[in-house]
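Below is one structure, written out as C-alpha cells, with a few remarks after it.
In this document, chain identifiers A, B, C, D, E and F correspond to the written order of the chains, with residue numbering beginning at 1 in each.
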Amino acid sequence: MTLDLALNMIYVVSAGLFIYGLKLLGSPATARRGNAISAVAMLIAIIVALLDQSVVDYRWIIGGVIIGTIIGGLAARLIAMTSMPEMVALFNGSGGTASLLVGWAALSTHNDTFSVVTIFLSILIGGVTCSGSLIAYLKLSEKMSGKPIIFSGQRIVNSILVLAILVCGVMLTIDPSNLNYLYAVIALSVLFGVMAVIPIGGADMPVVISLLNSYSGLAACAAGFAVNNNILIVAGSLVGASGMILTNIMCKAMNRSLVNVLFSGFGAVSTETTKVEGEIKPISVEDAFYILEAATNVVIVPGYGMAVAQAQHAVKELQLLLEKNDAEVNYGIHPVAGRMPGHMNVLLAEADVPYDQLIEMEEINPRMDSVDVAIVIGANDVVNPAAREVESSPIYGMPVINVDQARTVFVLKRSMASGFAGIENPLFYKDNTRMLFGDAKESISGLVREFG
Amino acid sequence: MTLDLALNMIYVVSAGLFIYGLKLLGSPATARRGNAISAVAMLIAIIVALLDQSVVDYRWIIGGVIIGTIIGGLAARLIAMTSMPEMVALFNGSGGTASLLVGWAALSTHNDTFSVVTIFLSILIGGVTCSGSLIAYLKLSEKMSGKPIIFSGQRIVNSILVLAILVCGVMLTIDPSNLNYLYAVIALSVLFGVMAVIPIGGADMPVVISLLNSYSGLAACAAGFAVNNNILIVAGSLVGASGMILTNIMCKAMNRSLVNVLFSGFGAVSTETTKVEGEIKPISVEDAFYILEAATNVVIVPGYGMAVAQAQHAVKELQLLLEKNDAEVNYGIHPVAGRMPGHMNVLLAEADVPYDQLIEMEEINPRMDSVDVAIVIGANDVVNPAAREVESSPIYGMPVINVDQARTVFVLKRSMASGFAGIENPLFYKDNTRMLFGDAKESISGLVREFG
Amino acid sequence: MQITIPKETHSGEDRVPIVPAVAKKLVHMGAKLMVESGMGLGCGYSDEDYSRVGAEITGDRQAALASADIVLRIRKPDITEVNQLKSGCIHISYLDPFNESELIAAFKQHGVTAISMEMIPRITRSQKMDALSSQASLAGYVAVLLAALRLPSIFPMMMTPAGTLKPAKVFIIGAGVAGLQAIATAKRLGAKVTAFDTRPVVAEQVHSLGAKFLEIDLGETGQTADGYAKELTPEQVQMQREAQKKFIADSDVVITTAQVFGRKPPVLVTKDMVEGMQHGSVIVDMAAETGGNVEGSVPNETVIVNGVNIIGQANLPNEVCRDASLMYSNNLFSLVEDNWDTEQKHFNLDLNDDVLTGCVITHKGEIVNTTIKNLKG
Amino acid sequence: MQITIPKETHSGEDRVPIVPAVAKKLVHMGAKLMVESGMGLGCGYSDEDYSRVGAEITGDRQAALASADIVLRIRKPDITEVNQLKSGCIHISYLDPFNESELIAAFKQHGVTAISMEMIPRITRSQKMDALSSQASLAGYVAVLLAALRLPSIFPMMMTPAGTLKPAKVFIIGAGVAGLQAIATAKRLGAKVTAFDTRPVVAEQVHSLGAKFLEIDLGETGQTADGYAKELTPEQVQMQREAQKKFIADSDVVITTAQVFGRKPPVLVTKDMVEGMQHGSVIVDMAAETGGNVEGSVPNETVIVNGVNIIGQANLPNEVCRDASLMYSNNLFSLVEDNWDTEQKHFNLDLNDDVLTGCVITHKGEIVNTTIKNLKG
Amino acid sequence: MEIVYLTFILMLAIFLGFELINKVPATLHTPLMSGANAISGITVVGAIASAGSGSGDAANILGAIAVALATINVVGGYWVTDRMLAMFKKKGS
Amino acid sequence: MEIVYLTFILMLAIFLGFELINKVPATLHTPLMSGANAISGITVVGAIASAGSGSGDAANILGAIAVALATINVVGGYWVTDRMLAMFKKKGS
C-alpha cells in the first residue's frame, strides 16, 4: 500500500468520525461528546493533509495555522455568551472566504472545464457566504440597523447581479486564464452576498446564519471537487445537507417558511393593499411540534371538542411533556366551555390536572400577549373574537378568551364546522392561527409522540 | 460526457432510489410504495448494466433473465401466504449463489491480489448464504426436522472447517490460476453454511434468514469490489448493514441476543448442570419496546408502586398504544395490591380504564400461559411465586398472580428492594423475567415514547 | 335606587338571594342596599356580614318592600306582599309564570315590573343570568349524593380480599343541565353510567362525559330554539317506557330529570318498572315537585315501594345552599349589572333588549311577555 | 357440623353475617346451615333466598343456638345467649375483647371457643378474613358521602357563568384503611384533600392516592408489627393539635379516623379548633363510638357547635349494608374455609395456626389468647 | 485510488443502512427482510457483465447461470414482498 | 470515472446528513449550527495543499491566507460550540 493510499484510508476514518460526531450532536445528552469527536476527526484530517506528498513547504502553512489558531481561539474564549450567534456568523464567514481562496488558488493548476466549473461554484458560494455572514454579524451585533434595508428597484438590481455572475462564470469557464473574469466573479459574489442579506430583518438572522453555514459546507464541497479531495466532499456535503435541514427546522419553529424568511423584506414593500379576511393555514402535527418545542409559555384552552374526543388524558400528558421541556403551561377555562357548568373541570380533574393551573378567563386574558402558543382544543364559541370585534354578531359582548392575542394559536378541530352558537369564527383566519385538523385526541397523541 | 460516464451517473440515481425505497419500507403507510421504488431502481440498474459497452452478446443474458423471471415469478405467485418465509429463504439462497458465481466468473479476468481477496470473500459469503438458506428453507417447510442437530465434536469439526477455508483462501490468493483451490473454497463454503445452520432450531429460522439476507448483501458488495461496480457496492452494503440491524431488532423482539440464537443449539448440549437461582437481567426501555411491539397478548399487573409513581395515566396511554398495535390488553388485579382495598380500582378508574378490562386474579391466572408479556408495574408481594413454591415463606399459600407463567415478564420497579411483606421475590431471578429499573411512571412514559 | 332583599319565607329554604360578596358589588355599583335582618342566616351569613359591605339592615320588612325600587329574591312572593310594592318597582325572582296567573295579575295591577328568572332566554349572552341552569347543575350533583347514600352498596368497583364489589349501575333519564352534572358526579364516584334523552344532540354530550347513551328510536323528536325538549306524543312516551323497562330493572340507581319547559313532566317510570327493580335500589325523581317522572313519587318524601326507594326531595340545590346562593346571587347581579346605567346609577329597562324581552312578564300594568300573554288568551 | 346464623338483634343493624351467595358456598362445603327466619331482611334477603341455596330456616332461635357447632354473627352476643351454647361450640363474631371481660368469662365458663373478628392478625395470609379492614374501608367511603351531603357547598371545583366555585378542602386525620378510602373518595368527588397520620410510612401511601400529606414533626412515633399506630405521649398529642389547628380552621371538611388498637382513641380536635372552623363546615368523627377524636362529638348524633356540624354516626358500614354484608360474609367464610377439613367436613381448630393463635380468645374453658390474658392479669 | 472511493462509499452506505432501519414496527420485519433481500439481487448487474462477454467460455456460462439465479431473487423477491404488503393494506383499512 | 465516485459520495453524504439531523430539540439548534459550522472549516485541508506547494506564487499566498481563515473557523467553531454545550450541562444537572 502506498502512503497516498494509506492517507486516503485515514480520510475515510476521519469522515466516519465526522458523521458519528454529527449524530451525537443531535441529542442533548451526547452533544458535547459529539463535538469533541468531530474535532478529533478534524485534527486527523489536518494531519493527513500535512503528510501529503504534495506539501513540500510548511512555512506558509504553519504561519497560517498559528495566526488562525490565535485569532479563532481568542475570539472563542473572550466572547460573551450572549454574543455567540454573531461570533458563529464571523467564523462562518472566514470559512466561506477560505473556500473562496482555495478555489482561486486552485485555478492556477486546474483548468479543465469540470474543474473550472467547480472552482467557479466554490468562489461564488464562498463569496456569498463571506459577505453575507459579515452583514449578518453586523446586524446581530447591532453595529448596523437590524431593520430590513429595502429600496425600490432592488429586485431589478438583484436580477442584473445574478445575470452578471452567470455571464462572468461562463466566460471564465471558456477562458480560465483571463483573470479579469475571475476578479469579476469574486467581486460580484461578494456583492451578491450583501444584497441577499440586507433586506432581511435582524430577528431572522439566526436562520440566515444557519443557511449560510449550509452554504459554506457546499463551498467546501465544491472546493473538494475542484482540488479532488474526498474528505472535503464528504464533510462539506454533510454540512451542506444537515445545515439545510436545520435551517428548515428553525424556520418551522418560527412558524415561517424559508421563502418567507428570505423574502420577507421585499414583501414589506409590496403588500400595501388592505388585508382581506385572511386564509386558513393548516399545520401538520410535526410542524406544530417544532413550534411547541420552542415555546416557553403555553396556554391550553379546552372546549366541548376536548370532551367529545375524550382527550383529557392525552392533554395532561402533553402538559407534562411541555413542562419537562421547561415551558410554563396553564389552562384557560371559559365559564361556558363545554355543555354543562363545570364540564371542563370534571374532565381535567379526572386527568388530574392540578387546580391551580386552571385559570379563569378574567385572569388569563391580561396575560395572553406574553403567551407563545395558545392551544385551542375543540373550543370554538368561547374563543371567538367576533364577540369582541363584530358588533352584529349574536354573541357580541360575551366575554371570550382572547387567544388571538397569543403569539401563535393552534386550533385543534376536525373541520371548519361552527360550534354550539352556529356562527363563523374569524379566529380561524387570523395571521397567527394555524388549524390542526383532526380528532383532538389523535392530534394531541401525535404531538405527544413527536416529543419522544 | 462519455456513455460510460452517463451510465455510471444513472447508477447514482438508481442507488438513490434504493436508499429512498428502503427508507419508505420502514413505515407501514409507505412500505408498498417503497418496495415499488426499489424495484424501479433495480430495473434501472439492470438496463444500465445491459447498455454497458462490455456486453456484446445478449443471448446468454436473455436466456438467464427469462428462466429466472419465470421461476421467480411462478414461485412468488403460487406460493401460499403462509409459506412466504421459506420462499424468501430460497430467493435469498439463489441471490447468494449468484454472487458466488459472479465471483467465480470474475476470477478468469481479475487476478490481482486485491481482486482475488474480494472474489474469495464473495465466493465464501455467497456459498454460506447458498447452503445456509437451503437448510433454513428445509427446516421452515418441515422437509427437515426443526430440531437443532447436534453431535459431539461439532465445535471441533467447525473449527477445522474454518481453518481449511482460510488456508485454501490464502492459497488461492497466492496462486489464483490453480482452480483446485477455487473448487475447495466453494465446497468448503457450502459445507460451512450447512454446519452453521443445522444446530439452530426451526423457530429461530426467521432470524437466521435475516442474517443470511444480510450476508447475501455483503456477498453482492464483495462481488462489486471484485468486478469494480459501484452500484453493487452501494446496494450490497446497504442491504448488509440494514439486514444486520434488522436481525438485531428481531433478536431483541424475541428477547434473545444474536449470539444466543446462533449458538443456542450448542448451548443445549453443554448446559446440563442444575440451574442455580438465576440472575437478574435488567432490560432497557428500548429493548422492552421491541418485545412489547411484537406481543399480541399483554397483561398489566399493577401494584403499590404504580400508585406511588402515580403512573396510572401513563399506563392507560400505554394500553391504548398496545391496543392500536393489535395487542389484547388486560389488567390483572390482585385483591390486596396497593395499600387499601380497591386501591388499584380507584387509580385505574381515574385513568378511565374500562371496568371489563380489570380481571380478577382467579380469572386471569388460568389464561396466563397464553400471555406474551406480563408487565408488572410496581407490584411485588402480589406476584411473588414464593407464595406457591416456597413452603417456608411467610406468604406461602397466599394466592398470587402467576405472572411467571407468561412468556416474558417485565418487572418495573426502582431497585431490588422488597415490598410490604419484606421478603425476597424469586420472580426477579426467573429466566423469563426482565427488570426494567426506574420510577414506574418514567419507564412507562419511556415506552410510550418509543411507540411514537 | 333602593334594592330591597327580603328574607325568604318558604320553610326549608336556606338559600339566600344575595350573598355578602355580591352585596358588596351592588353597593359598589351605586345602589342603596336594604337587607332584611336575618336574611342571610340560612347560609350562616350574619347581619354584620352585610352591613360590613355597606348594606343597610332593617327589621321592618314591610317598609323596606314599600320603598323598594328593585326587589331581589329567590322564591315567588306572596300576593299580599305584591300589594305592598310601589308602582314602577322592579321585582326579580322565580315566578312560575305558567301557573301563577293570579300572581301575575297582581303584578300587573300594581304596575310592578315583574322579571321571572325562569324565563331568562337561553342565548349565549344571558348564560350568566341563567338561574335555572346554575341551580339545576347543583341539583344534579346533590341527586347523586342522595342516591349514593341511600343505596345499600357502594358506587365504585372494588377488588378486595373480601371479594370484588361490582360498580353500581346508574341510569339517568334526561341529560339536560341537571342530568349531565348527575352523570359527571356518578362517573366520578365510579359508577357505570348510562343516560337517555329524547333530544338526539345529547348523545354526543353524554359520550363527552365518558358515559354510555341508551339508543332508543322514537322517530321524530326535537328541541326548541332555547334548547328545551319538545313534548313527546303519547305513542312515543309508550315506546320510551317499553325500551327502558329492562334497562331500569337492571339498574341500581335511576335518576330522572326529564322536564318539558312550561308543561307537566312526562311519567317515564311506571309502577311496574319500579317493582321490577332490585330490593334496595334507589330512584331519584328530580321532577317530583312539578308532577314527577316516576309513578308513586311524593314531593319532599322518600317512599319505599317494594323495597325500592323513591326519593322525591324537592329543592335539591338547598342541600348545597352556600354554593347555590353564590350562583344565584351572581345570576341576579349579572342581570342587574347588564342593565345598569352607571351614570345615572339606575336600572335601565329597555324592553327591546333580547334578554329582557324574554324575562319581563309585566311592565307598566301590562303583560308584556308574549308567551305568557298567549297562554292567557 | 351445624352452622347457626341468628338474626342480628342490635337495633339499626341492617348488615347480615352471611349473604345467600356465601351461604351457598358453606352448604356446598358440607356444612348444615341453620338460618334464623328473617335473618337476611335488613339487606332485603328473604328466607327463600336462603332456603333456595340449601339452608334450613328456623323460627326457633334458642334451639338453633343450642344445637350449633358453629355460630356466625356480626355483633357480640348477649351473655344470656352465650349461656345457651353447648360446650365445644365455636362462636365467631366481633367481641370487643378488650372491654368485654364479662362476656369473655361467660365463654370461658361454658367451654365455648370464642373467635374475635377484631383479633384476626394482620398477616398477609389472613387479609381475606380481616373484617376490621373490609368494614373500615366501606366506612371511609360512607363518611365522605355524609360529609358531602352535609356541607353547604359542593366538593369539586366548577367554573361556570355564575361564578367559580372553589373545591372543598378536606382534611383527613388518620390514614389507615378507613382514612385512605376516605381520601380516595373525596379525591374522586373533586375535593382538595390533605391527610395526616402519626405513622411516617403513611405519607407515601397518601401521596399514592394523589392527596397531600401534612408534615408535622412529632419526634419518635411508630407502629406495631400488625401495622397499628402506637399511642402518642401527651406532649406529642399536644404538638399534633397545635400543628393542625390552623389547618383545620381552613378546612371545609375534617374526617377523623384515628384509632389506637385496644385503647381509647386520642382527642385530636378540641373545642376551640371546632369553633375556629367556618360556619357550615363538617366534621365526621369516625371514632365517636369508642370515645371520639373530636371534643363534643356524640355517638350516633349530629351536633351543631357554633355552626359547625359534628357527625358522630356510628356503624357507618351499615349505610352500605349490602356490600358490607357481602364482605363480612366473605371474611367469615374464608376463616371457616381455611380451617375446614374437607374429608371430615368439620372445623379443624389448630391453635398452632398463626391466624387462630391471634383470634381465638377462649378454648376449652381457658383464655388462650395471650394479649387478652395479660390484660386480665 | 479507486479503492479509496469504494471504501468511502462502503462506509457511507453502511452508516446510511443503520440510520434507515432505525425503528421498524415488528409487523414489517418480514416484508422488510424480504424487500432487502430483493435488493441483494443487485448482483445480477455483476452477472450481466460476465454473461454478456460473448466469450463463450466457462465464465460466460457461470455468468448466465448467475443471471438466472439473481433474476429469481429479484423477481421473486419484489413480488413476494409486494404480496405481503398488499395483504397488510387490507388488514389496515 | 472519478467524478462518478465523487457523485456517489456526494449523494450518500447528503442522504446521511438528512437522516442525522432528524429531530433535534430547539435548544440544540444553535450549538448544532455552530458545530456544523466548525466542520465546514474542513476547507483547511484543501488550503493546506495550496499553502504547502512551496511555489511561492500567488496561489501559495492565497493558500496561506485560506489556511489562516479556515483555522479561525475550525478553532473558533469547535471552541465556541463546546462553551455553549458546557453551559447546557450545568443547567441540566
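Operating definition for what follows: a contact is a pair of C-beta atoms (placed from the backbone, for glycine too) under 8 Å apart; a residue touches a chain by one contact, two chains touch by 3 or more.
No experiment lies behind these values; they were computed from the predicted model shown.
K.L.:
Identify the chains in contact with subunit B as well as subunit F, in label order.
P.N.:
A, E
K.L.:
Both subunit A and subunit C are touched by which chains?
P.N.:
B, D
K.L.:
When the C-alpha atoms of subunit B and subunit D are each averaged to a single point, how far apart are the two points in Å?
P.N.:
Here the centre of subunit D sits 57 Å away from the centre of subunit B.
K.L.:
Can you work out the whole-Å distance between the CA centroids of subunit D and subunit E?
P.N.:
Subunit D and subunit E have C-alpha centres separated by 74 Å.
K.L.:
Distance from the CA centroid of subunit A to that of subunit B, rounded to the nearest Å?
P.N.:
One centre to the other, that is 38 Å.
K.L.:
For subunit C and subunit E, let me know how many angstrom lie between their CA-based centres, rounded off.
P.N.:
Using C-alpha averages as centres, the distance is 75 Å.
K.L.:
Show the residues in subunit C shared as contacts by 2 or more other chains, in ascending order.
P.N.:
As it turns out, subunit C has residues touching two or more other chains at 127-128, 133-134, 137, 156, 158, 160-162, 165, 188, 190, 210.
K.L.:
Can you tell me which residues of subunit A touch two or more of the remaining chains?
P.N.:
Answer for subunit A, listing residues that touch two or more other chains: 19, 230, 234, 310, 335-336, 341-342, 346, 349-350, 352, 450.
K.L.:
Quick check: what residues of subunit E touch more than one other chain, meaning two or more?
P.N.:
Those would be 1-3, 5-6, 8-9, 12-13, 15-16, 20.
K.L.:
On the basis of the stated criterion, which chains touch which? Give every pair.
P.N.:
Those chain pairs satisfying the definition are A-B, A-C, A-D, A-E, A-F, B-C, B-D, B-E, B-F, C-D, E-F.
K.L.:
Write out the stretch or stretches of subunit A touching subunit F in their complex.
P.N.:
18-19, 21-23, 25-28, 31-32, 34-36, 38-39, 42, 45-46, 48-50, 52, 54-58, 60-61, 63-65, 67-69, 71-73, 75-77, 79, 81, 84-85, 87-88, 90-92, 94-95, 97-99, 101-102, 104-109, 114, 206, 209-210, 213, 216-217, 219-221, 223-246, 249-250, 253, 290, 293-294, 325, 450
K.L.:
Touching residues of subunit C toward subunit B in the complex: what are they?
P.N.:
156-162, 164-165, 167, 190, 192, 210
K.L.:
Which of the residues in subunit C come into contact with subunit D in the complex?
P.N.:
For this pair, the touching residues of subunit C are 14, 43-44, 127-128, 130-131, 133-134, 137-138, 141-142, 145-146, 148-149, 151-154, 156, 158, 160-163, 165, 185, 188-190, 278-280, 307, 319-323, 326-328, 330-331, 334.
K.L.:
Going by the contact rule at the top, pick out the subunit B residues touching subunit C in the complex.
P.N.:
Residue list for subunit B touching subunit C: 333-336, 341-342, 344-346, 349, 352, 355, 358, 360.
K.L.:
In their shared complex, at which residues does subunit F touch subunit B?
P.N.:
1, 3-5, 7-8, 11-12, 15
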